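Look for subunit A in each of the two complexes below; its partner is subunit B in the first and subunit C in the second.
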Partner chain A sequence: MSTPAPAAARAAAAAPPQRRPRHQSRYLFLLPALVFLALFSLFPLVQLLRMSLSDVTASTLNSSWLFVGLENFQEGLASGQTGDALVRTAVFVLVVTVIGMVGGFAGAVALRTRGRWSNVLLAVMVFAWALPPVVNGSVWKFLLADAGLLNVVARAVGLTDTALPFLYDQHWALGAVAFVNSWAVIPFNALVFRAALLNIEPEVFEAAALDGAGRWQEVRHIMVPSVRPTMLVLLVLTIVYGFRSFDFIYVMTYGGPGTATNTLPFLGYLQAFSQFNFGLGASTSVVAVLVVLVLAVLYARSIRKEEKE
Partner chain B sequence: MRNSAQNRRTRHAAVVGGAVATALLLAACSGGDPEPGTADGGSTADAAGGDGTVTVWHYFSAENQVQLMDDYAAKFEEAHDGVTVENVYVPYDQMNSKVISAAGQQTGPDVVVFNGAEWSTLALAGALAPMEEPWEGFADADQFPDSVIHGMDDHVYAVQGYVNLLGLWYNADILAEIGVEPPTSIDELEAAMAAAVDAGYQGITLSGLPQSQGEWQAYPWLTSQGFDYSDLDEQALTDGFAMARGWVEDGYLSQEATTWDQTVPFQEFTSGDVAFAANGNWQMGTAEAEADFEYGVVPLPVGESGKVYLGGEGQSIGAFSDDPDLAWQYLTETYYDPEGQLLAVDNVGSIPSRLDTSQEAEVTDNSLLEPFATTLAQNGANYPDPIIPPENVAKLQTAMGQAWSAALGGQRSPEDAAADVIAQIQALIG
Partner chain C sequence: MSHSAGPVNTIVKILLTLMYGVPLLWILLTSFKSSSDVFAADATFVFRPVVTSYVEALDGALVSALQQSVVIAVGTTALTLAIAIPAGYGLARTRGWAVSVGLGLLIVLQMLPQTANVIPLFQIFGSWGLLDSTLGVVIADSALLVPFATILLRPFFRAVPPQLEEAAAIDGASVLRSFFFVVLPVARNGVATTGTLVFLLAWGEFLYAVNFFLSPGTYPLSALLAQQVSAFGINWPGLMALAVLSSIPVLLVYALTYRLLRDGLTVGAVK
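Here is the complex of A and B:
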């Protein structure tokens, strides 16, 4: 049932529309996100920067902060802790990136076809990805323990007589935690890669098959070139993910043995929340933020490039 | 035989009672010299302006420790109609930062139960309410030795309801099989561990986590080699690290200890394949529930120079408690109350901090408490060492915990680990 429109409304409809400038309405839509970002990203970042330039301890945290310039940065570098943590972080990120990217792409290739088993595997991967890192880390800590599954299997197949020191040897520990971090990011990477692979027209594969291309040639000459723009974006995201990883180290090694798994984020945590030297911890975090910012710029550029393509 | 200490029942009553009373008095605490105020003591819930809920933050996850918290809640709620006690678990590593962060927002728990050694960190952050006024009005205040009263600048910030410390737990079945007696010296301990390993068992479990728990566990072994925070001797510290690293290299101690907090190594011990565990009196409930073998405790064989921290949790009123009077009443009727302290003995095996309660039969007749009481009397040391400035306690504990972990894990040689941490300690102690 319709009702007659009021005369005023009819008049308004007949009059030329008073259009709000397009850019104004666009800014209106941007406003909530801007407010959210300012509150929860910009403000904490400014506070972090302020803290890194101040002498902030447990006794001064809740009062005024004394400005000390770059003293905290100098202290971190002079102690050697920041430099050591940077090196460990670089190794950590390298392992996470290589395994995460290769594993993600391999998973996407395996799950490219739609079917019951690929759907089941996909669901399992999403489940593993969605698990909280603390749960993931605890499970892996059991698996990698002396009496854990991996060591039991390694001994059963004669790989070793003694337990493999996954989490308590200074060299193994960093690699083991980085591996678990990689394992956790593989599902996400696989999902993104898979979405890119599904965009390839089936005719391309049919044509390749008619030309006698094998599976490996399909991967090399069709899939890899097709996902290259996505790969660049994902590469930056994975590096950022590796760079800010904290949870698994906290759960699995607590930075140990000694300081062998103290990466930048964990070192910042220790300094701020274990030693309660918030200024020093903030300076370490600022170093990490700077690296992530550089990567964020790269990410933004790669996104723009992908959009153009 | 449930444990071998039972045959020493005739003498342990005197040891426990006397040792607890005298050692707690002797172990005078730095800064624990409250200048009482002019308060009228604890007030009642009725007079309080809060919501009738006492929120208690704690970091206990072991079943018996959680049970104690529940028992305290039930005890207080039973005595006060309409009052609710809400126990809130906060992970050990996050307790201080959460309490400090909450104080920054002018909020937080009514009562906080935390590592007693870290009272200064919380107090300096303004997260704890000064308790000297109600403490002055507390009729039983004279029952508490100075070593369990923590404060500075004429304020009382925390008082411990009990004392915890480390002892050497042993698997009596394994010792009987390899034919050795519980050790009374490091040499005997190492010989026993060697025999246990030869028989296919593990030697010992302890914590090598690179944080304050590691420092707490390292202290007795390091001081056994002559190390002392008051008189820094790099060679003594090197010897301490080398001894522990030697245990790893000889197969007595798993290097995996660097990933263990204090709970995991005791679980390893109760699994039955380990001869010894350096662990605390609070594990009595766990041992009773989980160990299906005969076990006992002897004092840590750390010799005359060896020291064992007198630890335990501190209890304080949050600086922004919405009902500090009710919080104080909760403390006086649970942690500081004779009946409440006996609940801690029954549930956890803690040693009461009250002088009168430490003489009760529940304490003196508990054969497993005797070795701890002996240790307390002969080797007990303030935790943290009074020479460490309050503002640097957390930094020092982290530094020493990391050095201990690095030496155990082979990340640093004992010499390098000792040299590094001595330099850090010198800067922190001044």
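Here is the complex of A and C:
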């Protein structure tokens, strides 16, 4: 920030008092994004909607589609696939959100202190967050394998005789993948919480210490209230992150065993690209898009709240 | 008063150190193991390091995958920034219902599951001749990341005082000129932060690459990794070697921009 600042200061000083708003000309700056997103984001959404109302398979993908109304949606609901996926998605999102938020906040409180350990740990965590999900997913698949590190340790401490089926059991797999997803989001949440905590005036802590507040009271009465606006935004972001997650599922279980880790977005993908029923996959994805619309409204509200405070 | 760690803080830090240190260390250790040592209990920590996996991994296919990754990540970063910088600035400097609608739309687009985009894009790219082409993947990745980048950039442009531009206008600079020579230099931290994140996300993207490239011969590293890890009979040392090799560029970018990410990310990501 060395060169532009002095020049900027000079320019600001030279500005005459009257303002000349020229807002209208800034609209042109939006044009490239408007054209690009209309072609490659909005048009695909229209196609997705059309596809969900048509009978489309891999062979009819690029010919004319037969309009079938809500048949795809009915098929998804009647076979129980959509309902099951919604339940699994809810469980998945709940696990990711609870561990992600609690872990993020605890991490921020612990890493708020300066010192070599905190600095290095924060750097390692942010690096893990920056790594591609394929890399992280591969490592965790390896750690959770029958002869992987977690099972080696579990056996060494006498927790179990047989390998724990983290990724092969109907009930464990969803939780295991959700845990890895929250592992991936904790560093980001910790970073955001930490920034909010660093904004608290040191005098507040000093006053609390004079009043004889303990550590828990510091956390409960100073830290939690001061990060509340941030927490709301982060909560919605974490829910969205958990909801749209597919990369760890793809890498670690590919929806299996059976259908145990088919969350709504991933089910839509499998229906289209594994069963080649593009109409059915599109209808499942449309349901996912509707959920996103609800979450987006919540997000917009939480931002407005934070900007007000 | 000191903020030195209490017992709970220390436990949290030990837990986090194990949770994040061990997996990273594990990739590295495994990549230097021979196939027979991978799952041998007595070779968990003590083993004879070999570079077999790297030697095996480093063939022509890997070099071309690496090349693809670079082209896709750099191309996506360039295209995304070229579109998102003006959009972020435009949204920062206009008012009224158009901005609310635009921002709302961007938020929705940013939140859409990528699996919902890949279905129609596969069909559209098929009819537009963009399947099995690097350009197609770059466009798809950019469409995915432009909303995110624009939302991230807007507060950085809002922080640039409008008086600077008014002064430049009085000196006779056009809107375009003051954008390039006054606004952009002041907001360069935001551009660098956004560019870094877009690069990292494009580097790791694999769903579009796996579906839009019709043969693994043209896959980038991330797609190659995704394909190998979901196959049966995984060659773990080979896979971890591939994981390490795909992470080296991330480490480089990360080392250069850690401060920027640590401090800049939190400003833009929440607002």
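Definition applied: the second predicted complex is superposed on the first by the 272 of 309 C-alpha atoms of A that agree within 3 Å, B and C clash if a C-alpha of one lies under 4 Å from a C-alpha of the other, contacts with A are read in each partner's own complex, and residues count from 1 in each chain.
Criterion: contacts are C-beta pairs under 8 Å (C-beta built on N, C-alpha and C of every residue); 3 or more make two chains touch, one makes a residue touch a chain.
Note that the coordinates shown come from a computational prediction; the quantities given were computed from them, not determined experimentally.
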Q: Identify whether subunit B and subunit C fit side by side or clash on subunit A in the overlaid structures.
A: clash
Q. Between subunit B (first) and subunit C (second), which, if any, makes contact with A:Q170: first, second, both or neither?
A. first
Q) Touching A:Q275, do we find subunit B (first), subunit C (second), both, or neither? A) first
Q.
Applying the document's definition of touch, where does A:V87 land relative to subunit B and subunit C: first, second, both, or neither?
A. neither
Q.
After the superposition on A, what does A:N62 contact: first (subunit B), second (subunit C), both or neither?
A. both
Q | Superposition-derived comparison: subunit B or subunit C, residues of subunit A touched | A | C
Q. In the superposed arrangement, does A:K141 touch subunit B (first), subunit C (second), both or neither?
A. both
Q.
Going by the contact rule set out at the top, does A:A130 touch subunit B (first), subunit C (second), both, or neither?
A. second
Q.
One more residue to check, A:Y254. First (subunit B), second (subunit C), both or neither?
A. both
**Q.** Offending stretch of subunit B which, after superposing on A, collides with subunit C (from 24-32, 42-50 or 258-266)
**A.** 258-266
Q: List the residues of subunit A that touch subunit B in one complex and subunit C in the other.
A: 61-62, 141, 250, 254, 272-273
**Q.** Sites on subunit A touched by subunit C in the complex
**A.** 1, 3-4, 8, 11-12, 14-16, 19-20, 22-23, 25-30, 32-33, 36-37, 40-41, 43-45, 47-48, 51, 61-62, 106-107, 109-115, 117-118, 121-128, 130-143, 147, 149, 152, 183, 186-188, 191-192, 194-195, 205-206, 209, 215, 230, 233-234, 237, 240, 243-244, 246-247, 250-251, 254, 265-266, 268-269, 272-273, 278, 281-282, 285-286, 288-289, 292-293, 295-296, 299-300, 303, 306-307
Q. For subunit B, which residues count as touching subunit A in their complex?
A. 93-94, 96-97, 100, 103-104, 121-122, 124-126, 208-212, 254-259, 391, 394-395, 398, 402-403, 405-412, 417
Q. Can you list the residues on subunit A that touch subunit B in the complex?
A. 57-59, 61-62, 141, 145-146, 163, 165, 167-170, 250, 252-260, 270, 272-277
(Q) Please output the residues of subunit C touching subunit A within their complex, sorted ascending. (A) 1, 3-6, 8-9, 12-13, 16-17, 19-24, 26-27, 30, 39, 41, 44, 82-84, 86-87, 89-91, 93-95, 98, 102-105, 107-109, 111-124, 126-127, 139-140, 142-143, 146-147, 150, 161, 163-164, 166-171, 175, 179, 182, 185-186, 189, 200, 203-204, 206-207, 211, 222, 225-226, 229-230, 236, 239-240, 243, 246-247, 250-251, 253-254, 258, 261-263, 265-267, 269-271
